[in-house]
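Look at the two complexes coming up: chain A is in both, with chain B in one and chain C in the other.
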Partner chain A sequence: MEHSEMEFIAEKQKVKIVPNFSMSKIYFISGEVGPFQPGLPTEVPFWLAISLRQRQKCVIHPPDWLTIERLEEIKEAETTTELFTPLPNTHFREMCQLLLTHAKPNIQNADAVRTLVKDIWDIRAAKLRSSSDKFIRVQAGHARIDNLTLMEINIARPFLLASLDHLHTLRTSKQFTKKTRNKEY
Partner chain B sequence: MDDTLDISGVSEEGEEQITSEQVFQQLEEIWVNERLSPNLMLCRTDITECILEQMQEMEENIARAKKTDLKVSLHQLELDRIRYVLSSYLRCRLEKIEKHAAYLIKKESSDGPSVSRLSPEEFMFAKELTSGVTSHLTASALKHMPKNLQTLNLEDSGKVPNLDHYVFLRVNKAEEGIIVDCETDVQNEDKIDLEVDAQHIMRYKLIENLVENQTVSLI
Partner chain C sequence: MDLLCPPGGGMKQNYLSIDDIMMSSEKIPSTFLVSVKTLGYLDPSTNKKDIEVGSKLDLPLWLALSLAHPRKKFVTVELTKPYKATYREILKADAGVVNLYKLCPYYYALGQQQLSLNHAEGILVARSLILAFSDRFRRIMDLSGNAIGGDNSSLIQQFDEVERRLFALGQKSLQSFQRWEVGESRTLRTSELVSRHRKRKREAVD
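After this line comes the complex of A and B, so read on.
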C-alpha cells in the first residue's frame, strides 16, 4: 500500500484536543464525538483534530509518550537489544509525523523530539534490513514479527515478499524436478 | 438480488444490532484485506450496501442543512473519507477481476451458489470483459491463423492468482495448530499456534480461510 494510505489509516486514531468553541455531540457514521466545551479536553479522531486545528478551533495535545524523556528511554532500549522493542503506538512513524506537523507549538522541544524520532526510526530500519537478510538466508517459510509497526511492514513489503515469493517458486520447482527424476529411475 | 434484500431485512429487524460505527470498521477491515490479498475475497455486499445507505442518508441531511455550519462541513469531510475507502475497495476488486476474469467465472460455477466471490454486477462485468477479449483476439489475430490453431481457451491460458504469495498478518482470535511448511524439507511440517495480537509472515494459502472468517487480518 502507499505510505499516504498508511497515514490515512493512522488518522482514525484518537487524540486529545482542547476546543475553543462549544458544540453538541456530533453523530458521525464512524461513531459519535463530543460534546465540545471551550477549555475542556476531549478525545476525537485525528482527522477531525487536524481539520479543527486548521480552522483555529482547537489545540491538539500530544500523547504522553511524545516527550524527550520517554523517547530517550525507547532509543536506549532499542540500541541495547538486538530484537525490536515494542513501540507505544503501531502507527508510531505516522503519528509522530502528523503530530509534529499539526501540533508542533504544543510539543515541548519539538526539534529535539523530531531528532529522537528520526534516530529511533533509523536504528529500527537498520535492524529491519539485517533481519530481513537473515530471514532470507535461513530460508524459513514463516516468521513472527510482533513488534514491527505498520509503516515498517509497509516499507519491507515490496522487496521482502517478492524475494520470499521467488525463493518459494525456486524451491517448489526444485522439488518438482527431484520427484519426477525419482520416478524415472 | 434476493440475497441483498434478505440481508437488509435481517438488519432492520435488528436480530443482531450493528451500529454504523461497526459497519464502517468492517468496511475498513475488508478494504485492507482486499488490498493485500493475492486473490479476490468473498463478496460482501451486505457491508457495502449498508454503508451506501448510511452515506445517502447523511447526504440528504447535509443537503437540508445550512452550508456555513461547522458541523455540516465536518460531516462532509467524514463522508469524503468514507467514500474514499469504499471506492478504493471496489476499485481494487475490479482490478483483480480484470486480471483473473476467466478464472473467477470458472471458480464461481465450481464453488456452487453457497459461496460467491463476485456480486451480480461484478459477475456481469467479468463476463463482458472475457467475451470482449475473446472477440478482439479472434478478430485481430486468430481468424488469420490456420484452422487448427484457432481455438482459444481463456480459462486455461488466463492469469491465475498466486495463492503462494507471502503476506503479513495480525491475529484477532487465537487459533492452534496452523501448519506452516518447513520449507527446507517438504516432509517435515511445522505447526504453530496463533496468539492474539501476534504478527506473522507466511504464505497466503495456509491462512486463506482464517482471513475470510476474520480470525486474522492482513497488515
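After this line comes the complex of A and C, so read on.
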C-alpha cells in the first residue's frame, strides 16, 4: 500500500478543534459532527479539521501526548526496553506528520517535538530491522511482535514477505520433503 | 514484479518466464551412460559420428533434467562447481562477502533445480542455500532500506537475481515513504500520458 493511502486512513481519526464560526450538526455516513459554536471545543475527523484549519475557521487542539514531556517518556521507554512499547496511537507517525504540517502554530515547541518523533521512529525502525534479521537467522517458524504501528508494518511488509517467501521455496525443496516422507512410511 | 514465482523456485517451473529460460540454459556437466547415434557433432572435442558411452558433455539444465530422469537414465550429472563442497565452505564461513552473481546469476534457483537430480550431496546443498540466504538477509535489507537515489549498481553487484528483486522491492517502499514524508505525494500532478499528449489542445486551435 502507498504511504499516502495510510495517511488517508489516518485522517479518519478524531481530533479536538475549537471553531470560530457557528453551524448546526453535519450528518455524514460515518456519523454526525458538530454542532459548531465559536469557542466551544468539539471533536471532528482529521480531514475536516485540516480543511477548516486551512480556511482559518478553527484552532486544532493537538492530542495530549504530543508534548515534549510525554514524547521524552516514550523515547526513554523505547530505548530502555528491548521490545516495542505501545505508542499512544496506531497512526502515530501519520498523526504527527499531519499535525506538524497543518497545526504547527498550535503545538508548543513544534521543532523539538518533530525531532523527538523522528528519534522514536528511528529507534523503532532499528529494532524492527534487528528483530527481523534475528527471526530469519534462527530459522524461526513464527514470531510475535506487538505494538507495531500501521505505518511500520506497511514499510516492512513488501520486503519481508518476499524474503520469507523465498526462504520458504528454499525450505520446501525436494530434499527436505523426501526425507520427511521416508520417515512417515 | 513477480517475485512470488522466482526463477524455477523449487519444482514449480515457470514456462514463459524469461528468468526461468535463462536459468535453465545453464550448463550442467554430464556423462553419457548410453551411446547416441549420429549426434557426435554435439561434442566439439571429437570428430566421431556418435556420442559414445562415457563421453562427457556440458548439457543445458533443461536437457540434463530429462536425460537424467531416475527411471530411464541416459546420463549421470555432476553438481556444478559453485555448489560443491569448496564453495559451500566459503559460503559457510561468510556468505555476506561472496559475489553470488558471479557464481551464477540465478544461484538459488539453479541450486534448487539441481537438487531434483538426486545428488548424494543434495541435502547439504539445500541446507547451504538456506544458510547463505539467512546470512545475507541483513545486508540486503539494510541496503535496500537505506540506499537513497543515484546509482545502485555497485551496491547490488554481489546479489543474485532474486536478491536484486528483493532489493528493488525494499527500495520501492522506501521511496514511497520518502515521497510521503516530504509531502510530494499530496500534490496533484499532470499525468504523464496527458503531458506527452501530441494532439493539439482545443484552446490552441481556437
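The rule is short, and it goes like this: the second predicted complex is superposed on the first by the 174 of 185 C-alpha atoms of A that agree within 3 Å, B and C clash if a C-alpha of one lies under 4 Å from a C-alpha of the other, contacts with A are read in each partner's own complex, and residues count from 1 in each chain.
By our rule, a contact is a pair of C-beta atoms (placed from the backbone, for glycine too) under 8 Å apart; a residue touches a chain by one contact, two chains touch by 3 or more.
Here the structure is a predicted model, which is why all the values come from computation and not from measurement.
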item: Partner chain in contact with A:4 - chain B first, chain C second, else both or neither; value: second
item: Touching partner for A:159 - first (chain B), second (chain C), both, neither; value: second
item: Which of chain B and chain C A:171 touches, first, second, both or neither; value: both
item: Contacts of A:29 with chain B and chain C, given as first, second, both or neither; value: first
item: Which of chain B and chain C A:48 touches, first, second, both or neither; value: first
item: Touching partner for A:119 - first (chain B), second (chain C), both, neither; value: neither
item: Touched partner set for A:72, first chain B, second chain C, both or neither; value: neither
item: Which of chain B and chain C A:139 touches, first, second, both or neither; value: both
item: Common ground on chain A, meaning residues reached by chain C in one complex and by chain B in the other; value: 139, 157, 165, 167, 169, 171-172, 175
item: Partner chain C, residues of chain A touching it in the complex; value: 2-4, 6-7, 97, 101, 129, 132-133, 136-137, 139, 154-155, 157-159, 162-163, 165-167, 169-176, 179
item: Touching residues (chain side chain B, partner chain A) in the complex; value: 20-21, 24-25, 28, 32, 35-36, 51, 54-55, 58, 70-71, 74-75, 77-79, 81-82, 84, 88, 162, 164-168, 180-184, 186, 190, 192, 197-203, 219
item: Residues of chain C defined as touching chain A within the complex; value: 3-4, 6, 9-11, 108, 112, 115-116, 122-123, 125-126, 129-130, 133-135, 137-138, 140-142, 144-145, 162, 165-166, 169-170, 172-174, 176-177, 179-181, 183, 185-186
item: Chain B contact footprint on chain A (complex, rising order); value: 1, 5, 8-9, 12, 21, 23, 26, 28-31, 47-48, 51, 55, 57, 135, 139-146, 148, 150, 153, 157, 160-161, 164-165, 167-169, 171-172, 175
